[in-house]
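Going by the order they are written in, the chains are A, B and C; count residues from 1 in each one.
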């Protein structure tokens, strides 16, 4: 499906997604599978709950001493021969990477999956200075060829059928007539990208964690592209949000125990790569330069902000898989880099509460996300806070505010409430058929378009109370 | 390149001029400023770190050496669960034959391997006699041209042979520390990876892994150690196309473990 | 999370009913059945006058000052109750989970804590408060239970309704696939994003059909409004009832 155009209301984008049969089926299958895998992994893991609590505590404690841990991290990365850069804005982060690319004469960069680089729109910037970024995670590779954005945090091409991928590869890679067979398509991707890995000047990755005590940057992957990108090119750049730092290797073991299980149900991802600076003098292989770009881009402001808890996020995608809204509309309809429940919070973090005046309501507040989150982030609570900010800052439409404030007035005046019931009874008469209401005008039609509504009872409970034996 | 633009897209054209760069001091000052607003509001503690990790690890190793058969059994079960192929041989002398069998099964003729002193077993002579070439990685770093040749060789090899620094039973994971003579791509570029190890590599859990990592980083790193530690849990895989699992995406399609009951040679 | 803890069982003999706005206006028969049932069990039921709403819709949409005013009034109405019984998981959650926070530092703070500590959702009250689990039913089964989000995840109560259904005589119970999945109501969500809400509902209805049940049972008027509204619109023979309508 084509992606949403800026400026279309969320409701329209959602409706468009709902109308896409392929997407609907793909989402159903994928999210159901992830849910099952995650559940099985945790059912089989009695220490799971305790470790989730510990993981959350570690994130919380780290934030309490974030400056110290970052100082330690920087000192250790530099001791190992790496360079650390500090980027307050997305633009600055892009500039740092572009500078490195220019200085090292890079013409092509292989990228291992990184939501942080998506967030700062790095690929466009690289292209603009004549450096070709090549996404190497199979899902990212697919969407790069399709000129699309990822629709899921860990399975970026979840919205594409194998037929669509075959067609895409046939067209873009000039290999006509490819079969819709994942084995064949994967093999082709392997061939195409192997050549890129071996000739790239620059490897760009994100980082799942950075261990302060040892200056270690950790990548959690399944395909091997993370290992390739951090070992084969001359220069390795890792872009990482500041909140990803953790204090020690002992802490790392806690997170590794729950991350892959939450994301895909695996005990560990196939490759966990611990990068400790550039190649050592005696090593045959490895980059000559290692750069860590520490990214703020709205995160630091949340240390004391309403969205502080969202800084614990491990980017596992578990909340997306269980979210009833995400499961229906998929990632593109959210309209921003990060979709799903955590995506709404991250969007507000990056772009301010105004950016989520609609998205903050893209939730029934069911709480399934909290249950699934490995660090138990209370997403519904923060969504309600965002809704409050949207109301208080008058970003919500004034008509809505009038309705709610009137409603609130009625609720504190029982006489008005009772009057409301009587008025409702009168007004509804023309609309009642066979004891139910099937169509209502204007705003109320939003309900009755697809669902019946019960009429206001002839006598409310409070009115008939005295007659109950 | 035409994109439908997302709401969050800022125009990303060429830079309009040098952007002021944030210094470390400025960055940390901002963080401290925000942190000051929440002082004492969120009591929590990080994981407790072992006080003397190297000593603790020694103790752990002694304990583990008494129950290594159970640990091995668990490792095997988990390794096979992630599609690893497990082999067990009585002594180091039996390793080349096991390797040869593996090679014959997939018609592998060109191997790359860690040098004998890192594998703690010699494989090249026996395999060579069977018509299988083994290029052992050099321990000294050769000049650029030779490194390029080696890179191409590794990329063309049918199979890579390495040791393993750790084998984690809980997850069926092999841990390989890069080092002199132990280049990273030996276990990455060839389509088949074989790791040879003995009971001294076995640990039971991720929690114990945490202790090992602490111990390995307690004090200065040995000069031979490289800059990457790789945890490998099964062959390379993806499910990015319709959630259908396929193996051998970028990394090896197969991973084998050869466990040597009688132990390998002295530690390098 | 002490304010969401189940009140200590002591088989209270006198309860105040918090009818909730939806049940008051649209499902008074549910309230009636609860009163009759409790009276048959020897519990005295009072109805503090002038009830309106718990304020959850205001709270969820971010109108917290307004929600606080409603909370204040509700706490005043129920301040003297020994126990408060609520036929809705979401309203019970609002009182227990959010009222203390909204009224912290105000004159009603301790009343709010007290009321929160004495509030029970209906199924919870029967099973954990009164220790009564064996009831009869004449509803055409099989029945299938749908967990409302606030009851399951907010009040951690998935067990009491299931125990009641398990011990029910006169009808049968089958599991509902995806019973813990949201029905798509979400309060104002149902009309802000009606297409998404309906799509979520359709998934719930498909699961209901797949379960082989003839009747869905839930403990929340919001869920029932959504699910029943969808079943009726489809002309389905399947029904959706409140737990109180199923127990004789």
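The working rule: a contact is a pair of C-beta atoms (placed from the backbone, for glycine too) under 8 Å apart; a residue touches a chain by one contact, two chains touch by 3 or more.
In this text the structure is predicted, and so the values were computed from the model without any measurement.
Quick one: most central chain, C-alpha centroids?
Centre-most chain by C-alpha means: A.
Among the chain pairs here, which one is joined by the most contacts?
Among the chain pairs, A-B has the highest number of C-beta contacts.
Could you put a whole-Å number on the gap between the CA centroids of chain B and chain C?
Result: the chain centres lie 53 Å from each other.
Chain A to chain C: how many Å between their CA centres?
Chain centres of chain A and chain C, defined by C-alpha means, are spaced 32 Å apart.
I'd like to verify one number: the distance from the centre of chain A to the centre of chain B, where each centre is the average of its C-alpha atoms, in whole angstrom.
About 28 Å, centre to centre.
Can you list the chain B residues in contact with two or more other chains?
Within chain B, no residue touches at least two other chains.
Note the residues in chain A that touch 2 or more other chains, in rising order.
None at all.
Under the stated contact criterion, what part of chain B meets chain A in this complex?
The contact residues of chain B facing chain A are 1-10, 12-15, 18-24, 26-28, 30-32, 34-35, 37-38, 42, 44-50, 78, 82, 137-138, 140-142, 147, 150-151, 155, 170-173, 178-180, 183-185, 188, 206-207, 209-211, 213-214, 217, 223-244, 246, 248-252.
Report the residues of chain A in contact with chain B in the complex, numbered from low to high.
2-7, 26, 29-30, 33, 54, 57-58, 60-64, 66-67, 70-71, 74, 80, 84-92, 94-96, 98, 121, 124-125, 127-129, 136-139, 142, 147, 149, 155-158, 160-162, 165, 182-183, 185-187, 189-190, 193-194, 197-198, 213-214, 222-225, 227-228, 230-232, 242, 246-254, 256-257, 264, 266-286, 290, 294, 296, 300-301, 303-305, 308, 335-337, 347, 350-351, 355
Please give the residue numbers of chain A that touch chain C in the complex, ascending.
Listed in rising order, the residues of chain A that touch chain C are 10-11, 14-15, 18, 324-325, 327-329, 360-368, 370-371, 384-392, 396, 404-405, 407-408, 410-412, 414, 417, 421, 424, 436, 438, 443-444, 446-447, 449-457, 459-462, 464-465, 468-469.
Report the residues of chain C in contact with chain A in the complex, numbered from low to high.
Touching chain A: residues 19, 21, 23-28, 31-32, 35-36, 39, 47, 49-53, 55, 57-64, 66-67, 69-70, 73, 149-150, 153-154, 180-182, 184-201, 203, 225-226, 228-230, 232-233 of chain C.
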